[in-house]
Amino acid sequence: MHSSASPVRKAAAELIGTAALVAVVVGSGLQAARLTEDTAVQLLANSLASAIGLGLLIALFGPVSGGQLNPVVTLSAWWLGRRDGSGPGTREALAYVAAQTVGAVAGALLAEAMFGRAEVVWSTQERIGDRLLLGEVVATAGLVLLICGLTRIGRTQLAPVAVAAYIAAAIWFTSSGSFANPAATVGRAFTDSFTGISPGSLPGFIAAQLAGGAMGLALAAVLYGKPVGRDASGSGPGQDRRVSPESADTAAVRMR
Amino acid sequence: MHSSASPVRKAAAELIGTAALVAVVVGSGLQAARLTEDTAVQLLANSLASAIGLGLLIALFGPVSGGQLNPVVTLSAWWLGRRDGSGPGTREALAYVAAQTVGAVAGALLAEAMFGRAEVVWSTQERIGDRLLLGEVVATAGLVLLICGLTRIGRTQLAPVAVAAYIAAAIWFTSSGSFANPAATVGRAFTDSFTGISPGSLPGFIAAQLAGGAMGLALAAVLYGKPVGRDASGSGPGQDRRVSPESADTAAVRMR
Amino acid sequence: MHSSASPVRKAAAELIGTAALVAVVVGSGLQAARLTEDTAVQLLANSLASAIGLGLLIALFGPVSGGQLNPVVTLSAWWLGRRDGSGPGTREALAYVAAQTVGAVAGALLAEAMFGRAEVVWSTQERIGDRLLLGEVVATAGLVLLICGLTRIGRTQLAPVAVAAYIAAAIWFTSSGSFANPAATVGRAFTDSFTGISPGSLPGFIAAQLAGGAMGLALAAVLYGKPVGRDASGSGPGQDRRVSPESADTAAVRMR
Amino acid sequence: MHSSASPVRKAAAELIGTAALVAVVVGSGLQAARLTEDTAVQLLANSLASAIGLGLLIALFGPVSGGQLNPVVTLSAWWLGRRDGSGPGTREALAYVAAQTVGAVAGALLAEAMFGRAEVVWSTQERIGDRLLLGEVVATAGLVLLICGLTRIGRTQLAPVAVAAYIAAAIWFTSSGSFANPAATVGRAFTDSFTGISPGSLPGFIAAQLAGGAMGLALAAVLYGKPVGRDASGSGPGQDRRVSPESADTAAVRMR
């Protein structure tokens, strides 16, 4: 957010980064599905590859655009920073969401081009039902709590590793496959494979993700209290530390 | 322990953290069991997801409540700190254990809600016999030795990664599945699945865990000697360094 | 590149390092193929072992020769440094490529000696078609973008871990198996096994790798802009930092 | 080596540490073998658990005894330090080897006690033939090269992670299973299971390990040159840095 890159370059980074993320998720799913019939082995490979890809992209694109690659993350940053100006403005947030969504679709099509289908098809993978939506709420709440928590305890530099590890686990412990990303969810409607989602299942999933994001923000407030001080440097008084946006941004790439 | 959070917030953190931990363990077990019939693949997925979840929770909740999430860990801290006041007091320790236990049950029910059963059932997974109890003693002794050892060598900042890695391995090298956590053990009585334990097996497992915890403390004394100096800052004389509780608490989140 | 080692020692390091890399890739493939018929499990083991081997070799050989172990990486360094003298000269680059190629063949033969065939054979594993070549372009572009990006954001010290993680994921998300290394590709023509490639498939793969490398350089320019200042210390003005070659070289081993 | 612990405590640490290491290796092998018939899945679980166990033990026992847990490592340190007194003396080295060997046998028996056999049995797992011995030479040479290399490039603090990762990979890329540890090899003669080795195969394996250790020392000399200066502080002139033993010892636990 606070990098010196131009708005166009930032949006390009979010677009390319989200494209790469979805290409990794969909591509590794296609690869796994053609190599084994054991669905758990497929998911092991898919979850490890997806987690690694996400972690590297956050590290690499963080200093350019923040490496958010996810509308829920962008909206959380917008919400948390709406008072003190530390987050993106409304227009910048919308540009990010648009770039992420376009990138996600492009990434799905790239994976399809590498692994098999020339023509564009819709996914037929239905993902409906209360249990799956609950899973998606849990997955997204956990993601937002993690990111907010790292900021509140002053450890945003761990974000690439921590978010990657979180996704690898969440794919397993939630019933929904832990999409937790509205843009990637849209992109995954363009692959009729293991990791796809039918267009009819999109509204429920995206609504669950937004609800989960709000719940994650609420949980962070319960656990860490309200951030104090609205000065951007975070040097205000009070028991809760708040990392300044600049240091958080640059720190995001100090992976370890 | 020595964070500035209020006692209520600390207990809330232990409750929420232990709930999340058990939801990860039970949820990933339910997911794995429905995806493959190969039990080793199930355990691979379950052990990796559980380890990651535990590591992230220790990192994220450490600065609030210590991120103990385990009555054996709380009791060890109480025992080691009973003289110099570095650990929790008796009342605080009991509050932690209660919060952890309630959280563990809630976490198991959340996993069941995501994956399948609406009604609450008891586990029918019997876990009895000397070999399993020996496994549980070994698992818990290793866990306590690890945590004490990291403190004694001044490396508590490695706790999230080291404890996570330990659990991933201990699930494999012990015969009992390495529960090593009385609260989580109680919680796991509420899922009739891969990772459950029947109520009748609880007393043996919990007794073995307590015995293992004591053995871990003894092993640490053999290997590292008695800590010297009872001043909280750990600056006393002698060959054995002792990290001060404050630095240990804050260090717990410097994951790498 | 800028280490004080003699040119002969540098070339020896590149030769031994690439030999070890290919021995790890081919050997772990041979091992996996004889232990299971599930191709996805084979690839899980092969990708994890290959990634670890690559990461350790970059860390260990980086301070001697730069730990490039890959002609595309050497050529990228030559291209980027041709103006300011920060990269290898043309002669040094050619010596590296030759050493890498000889080492790769030796490594494949060592793996064959450990696992099975006394006589030298050509691979019969055909790898042709547009989809695979597209996969190889993607794999190599991502690798070069990663390495350039780490330099541009001042995090070359993460190279061993990041490059290793990238390869583990790329083996899964690309359709080609992510060779992404012309020298290793030549070496893998000398094993008729899981990880081999028939001599007839070499030209296409190597061309795709070179094209991918160029695309990676272009992507890095889009995302990070042109490096400013041609002074070797990288202390020139402008928004884009550029790590000095010396610090990048020595930093390459500070794995975390 | 240069820790302030008494010789008895050091030997106890090596004994307990090697016992724990072998219990992890053998125990995880027994667990895996009873959960699946897919040998590659068995080896995946066994290699990951063994690597994690080794890494944690090096980190935890390093500050007490050096965390060598392996006669080849002890003998290498003795050889390299015989002139400048930086390594263990001959008597100390022999005490370490004895403690490691006794510990290894105890660890194997502990694993058997947890998983199955009350009585002590010999392994019937024959491991003979030139190919396996070549694999064991390669595995041990790589291990010694790695440890020496980390010292020469001043990165001994990476030893726990790097050695663990190395073993996880070497189990896959060598034909012998990468025992690479004479004490553990003796211990593994006491389990008739997946990870065992018949007594008749011991002499060949141990000879190959010693030869591999010598080859690793030779490779390190080729790549890094002779260490300069025989003063223990390593502050002598010349291009090759040499980490002082004290800093290496304490650094060994700064895992990341």
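A, B, C and D label the chains in the order they appear, each numbered from 1.
What we mean here is this: contacts are C-beta pairs under 8 Å (C-beta built on N, C-alpha and C of every residue); 3 or more make two chains touch, one makes a residue touch a chain.
Bear in mind that the values here come from a model prediction, so they are computed numbers and not experimental data.
Path length between chain B and chain C in the chain contact graph, taken as the least number of steps between touching chains: 2. At the interface between chain A and chain B, under half of the residue numbers involved are used by both copies, so each side presents largely different positions.
Centroid distances built from C-alpha atoms place A farthest away from chain D.
To overlay chain B on chain D by their CA atoms, one rotates by 90 degrees, a value rounded to a multiple of 5. One finds 29 Å separating the Cα centroids of chain C and chain D.
Computed from the mean C-alpha positions, the centre of chain A lies at a distance of 41 Å from the centre of chain D. Residue positions of chain C touching 2 or more other chains: 38, 41, 44, 256. The list of touching chain pairs reads A-B, A-C, B-D, C-D. Remark: chain D residues 38-41, 43-44, 131, 134-135, 138, 142, 145-146, 149-150, 153, 155, 158, 161-162, 165-166, 168-169, 172-175, 219, 222-225, 239, 256 touch chain C in the complex. Contact residues on chain D toward chain B in their complex (touch as defined above): 4-5, 9, 12-13, 16, 20, 23-25, 27-28, 31-32, 35-36, 38, 41-42, 44-46, 48-49, 52-53, 55-56, 59-61, 63-64, 110-111, 113-116, 253-256.
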